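The same chain A turns up in both complexes below, where it pairs with chain B and then with chain C.
Then we have the complex of A and B:
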């Protein structure tokens, strides 16, 4: 190919960044449809992990969810995965064959908030139902078993579904102080546990800011040396679904993508799925007009707060945070932090616990600057210090020059 | 008798004042962007005010001017027909000596002046280069933050532009620990530049007063004056 040929130049100058292509052309979607069809047929041919499980329709009845609720969910999930509407039947079918995919869900250093986010909705939701319907082989919070029985269930699941199960990890892993986390009668540390279970997993999915980047347990001074899954597990496909808590919609989206294609979704440089983390909160924020207008809330409850002004001056970190909560929101689209007037703390970004979670803009926050560990001063204090030192230096030189200047004048005379 | 010495061409002076006003604009608007220091209580719908948006617009235009002008300056460093600055920056023995002599002149309060002050000296040449290194650092950190807003990968001038910015600046985020670190450094470097400006202005005024050669006139009229040795008069 010639360097200056039109095709080559186009390929050079249209290098994809984190661009999300929402229309990839008919040929692509046709091929994708065929692929998904084939995958679903394969899954259908397989028997459910547990024969005795209830059928999906029955499950909907039991949860008092109408067919209409389910179809609404199907439409929303299809859109979330950026698939055209003719994929909806596939997504519906995928939900029904979910019980063919074994899932092991473990908790390390965390508050169980991500499981809670999925479970504690105001009314039963389809997302929640999917979690119930999934072949969830082990989940410390949800399972009925306890003690030895639970440990047995885990060993059995790892043995039976070797290389097939999805490992969901919730919580950070204490690397600096491994004994900070042990569980069960045959205790193993968090590091050992994650590494052992990840070894036989098809993929590891880190749910929540803790599992993804260390989260609150990794906050300064990080006493347990907490890190995320991707710092401990090597050589396995990993998906990070950060945020505190991770949005259930995104968890289900990743599972759906896996069920539909047998592959993990496209990821960004922090291993976050692009369909969810390819958007900056700031750019889809309902208060963005007030940002551009320079209308800011100055204090909680002031006139600006009453008028839904921008929360940037109250420390909103939306401009640096990539997540789709400004679009899909939380709790079935009920609301989200900026919607309730609180501002974003950047919970889907690494280090948000030390750097973002303040109630003032970064420039006015008392944040330990990187590279200057331990210096508890803000940029402006340090900067103004340097400027002051310069001015003092100048002043000293000027005064000295005046005095010396007079002397040399005298000498000249 | 005083001899008139040309030190700055019209182009150089225009470049200087473009830099001055760009830096002033960038600092004022940048401080507003970092922490909006005035509130716009104008009884108009949000869509009509655009205060933050104008601040960002002016900030970006100031940055754009600084960057473009810096490219011109970089070119002139090597190719100027009037005065090739790079010749004064490379650490040759003569340049090192001149740098040291000019520095001694400053700290001995003009009691020692063993260099030719009719042309650009090494000390100032190095000092100007420092500013451009600071501006380059601002360019990398600034564009790192700028491209965050182009996450769709599209821009008004095509997809090559965000792609190029990612290629050129993603390492900054890796180096400084993400957006928070980059913001911190971008803001902190502003203070370094302000300190640079403070010394720059002081030094030029000090030279004017103590050397008695009208140095401050260089940046306005392009000329300074040099006392001719008595023998020649």
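Then we have the complex of A and C:
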């Protein structure tokens, strides 16, 4: 597929799979409520994975978080999962029974960035707390055990929670060059490790751009033949939570959904949960009004930059990128790249290193923003605008990345 | 008969394996194996020059910002190499310093409490407060190391993987309110550092010149751990080579230099990377006998050098640390202390930077020439959390022809060469206890993802 072809751009702008229905009618929610109620009662009847674990209340207390903070988090999470407000009590209960779900977190070809994002967005939020409260049976960076002891813990967890644990994978898997990742006393390659641990998992959750789609190791020329989890694991439910790094809020969202329903959330064609990847960055961007008004940053540091104008001409890929950064932001909602005037690089899309992350290509020429046609109708029209624009005049810069992209396509085939 | 043992080192960034050769109850030879490889240098080839600004930060999830700064420097130096002047406002320079410093602080706090101290729990169960997740001290460390990165988010948009710096300046336009917020965060973390970590007033702490003086005056966690370490016999283990390397000046507390017996200036042309024992040779992967890690072996004038906070202290001719290296025959304790010491020095510096920002200056000054016209080769340097970081870019027709990254951890934890072991390998030779060997390796602040990239 040609990235700059008319068909591709049209498909990006009118992707039907990402249509999300935020109001499914009373009957639907009533049935869902019943289902969740039942599931939670079942979980409550179970005992925590580890008996000695602390109670959730005490955990909140230890971190000096009040019940009020917790309730605020509950409302936010309920909204994140696109559930009506009357589901809030269920979400609160679900948080308290989260230690019934064992989690194993493994790292393959990674940079540890997603673990980092998870561990400390900015200050310990309820999100992070939840991740701690989870029964995290294995995490090579966070755990106190080390060496053989740690490997034993992993084997034991796999054995004890066969078919029940959630497997989180961070990092891509080098299929082309298995030597690029080996671990263990009896060396195991990345593919072997992921496949073995996925076999007994309830579901596999690929965290970050690398685990989801291969990410940066898979960028042209893909020196290690890296691929994402879904290319290696077959016959298991898989959820991708891409972005570089993945947002901890979305990780928690997926786990919450699993606890509430025993199922994975609704996914799009790239296996991303729709509640998080259902919109483009552009749709909810704080700078959107400037786009519609035709007010753009033309150069770093210009008047537009000082006035928070739209970054589209500076190469922002927000109109092409499905993610909820514009709503949940990073580091505990402190900020996000567009907030400081750095355009989106499209990090939650497949192959973004070759196709999106380059400085300006898609926005390298003048576009005429259709300011008068109302917010929602603009997206497609802008798309068509770019379409003509890209055909006529992309700079050498864009051509270079285009070539890189093409080559990687050939490479992948 | 020598016995070979392989151990996986957890609780570090990434994955590292130790291969220890035992003889008569002591470690006779040691191999540090970094088994994870992604190929950043190959991915960067043929990409547009500015793309490096978003790609290199992804080398590491914990010190990615240092890579961004090193890339920015390299590209700015490329302008200079081509004979063009490039102007960066003081404001932009200060903002870069601030965000880089915050990244160093978060790393140091977390390394000390999450990676170093848990090992001491195995010897002494009195340190209950430090226990992972359940201990109050552990949680506090997570809290404050998380808090400080909020400043990076204020200026850089997100952390990890920040990409907001470009040749000519930075992209953000901070407001007075944001500066105030950042200052209050620094004050808050500084208070924590004084109360908990060093347990004394920071000015008093800076005046200390001797070990005994510190042990007498301090009431903090650092003192507790140092005493514990002395008690456990760490005073004379963990020495690598008495050679230290620092590549950048960061006013007022870091000065570049190369120290072995005496100090001289750093000269990048004396750096070379040896590939004899690395799986990577001449840009190709090779798995022949004897090769054992993806890391290379950087050498300065053919010799291995240690880099990192201890090197920075020695090269800055810090009296306290020069005395410490005399007190302790091994460098395990000084190495840990130097890293913790740096937190205080940097916090004070950040506050100064923040107070000196003039918001009326431009954030970005457009370079006079388009970057596509640049050719040739340039270096970028940066003092990162784990030590000295070197980037080298070779440009051709506006694209990257070759990119070379020499990370701090590859100096410390890389492979051996024909004549010398890497500093961390050297530091554990002769030890009789495997836990202690692991602890010494952790004292270098292991990050395998940077080591191999």
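By definition in this document, the second predicted complex is superposed on the first by the 344 of 413 C-alpha atoms of A that agree within 3 Å, B and C clash if a C-alpha of one lies under 4 Å from a C-alpha of the other, contacts with A are read in each partner's own complex, and residues count from 1 in each chain.
Here is the rule we go by: contacts are C-beta pairs under 8 Å (C-beta built on N, C-alpha and C of every residue); 3 or more make two chains touch, one makes a residue touch a chain.
No experiment lies behind these values; they were computed from the predicted model shown.
Peer 1: Quick check on the superposed pair: does A:312 touch chain B, chain C, both, or neither? Answer first, second, both or neither.
Peer 2: The first partner, chain B, only.
Peer 1: Applying the touch criterion given at the start, work out whether A:320 contacts chain B, chain C, both or neither, answering first, second, both or neither.
Peer 2: first
Peer 1: So which one touches more of the residues on chain A, chain B or chain C?
Peer 2: Partner with more touched residues of chain A: C.
Peer 1: Contact-wise, after the overlay, does A:283 reach chain B, chain C, both or neither (first, second, both, neither)?
Peer 2: A:283: touches chain B, not chain C.
Peer 1: Let me test your reading of the model: by the given contact rule, A:350 touches which partner, first (chain B), second (chain C), both or neither?
Peer 2: First partner only.
Peer 1: Considering only touches as defined above, state whether A:293 meets chain B (first), chain C (second), both or neither.
Peer 2: Touch status of A:293: first partner only.
Peer 1: Would you sort A:46 into first (chain B), second (chain C), both or neither based on which partner it touches?
Peer 2: In the superposition, A:46 touches no partner, neither chain B nor chain C.
Peer 1: Would you tell me the residues on chain A in contact with chain B in one complex that are also in contact with chain C in the other?
Peer 2: Common to the two interfaces on chain A: residues 397, 400-401, 404.
Peer 1: Over in the complex, which chain A residues touch chain C? Could you list them?
Peer 2: 54, 62-63, 107-117, 119-124, 132, 140-148, 150-151, 172, 174, 177, 179-185, 215-217, 219-224, 226, 244-245, 299-301, 305-306, 330-332, 334-342, 345, 353, 357-359, 396-397, 400-401, 404
Peer 1: If you look only at chain A, which of its residues touch chain B in the complex?
Peer 2: Touching chain B: residues 12-20, 269, 278-280, 282-283, 289-296, 298, 304, 310, 312-313, 319-320, 322, 349-351, 355-356, 360-364, 367, 369-371, 379-380, 382-384, 386-387, 389-391, 393-394, 397-398, 400-401, 404-405, 408 of chain A.
Peer 1: Can you name the residues of chain C that touch chain A in the complex?
Peer 2: By the definition above, chain C touches chain A via 6-15, 17, 35-40, 42-43, 45-48, 50-51, 54-55, 58-62, 64, 106, 110, 114, 118, 121, 131-134, 136, 139, 142-143, 145-147, 149-150, 152-161, 163-164, 166, 168-169, 171-173, 279, 285, 287, 294, 362-366, 372, 398-399, 438, 449.
Peer 1: Using the touch definition up top, name the residues of chain B that touch chain A in the complex.
Peer 2: Residue list for chain B touching chain A: 31, 34-36, 38-40, 46-53, 55, 106-107, 109-111, 148-149, 151-154, 158-160, 162-163, 166-167, 170, 176-181, 183-184, 187-188, 190-192, 194-195, 198-199, 202, 206, 209-210.
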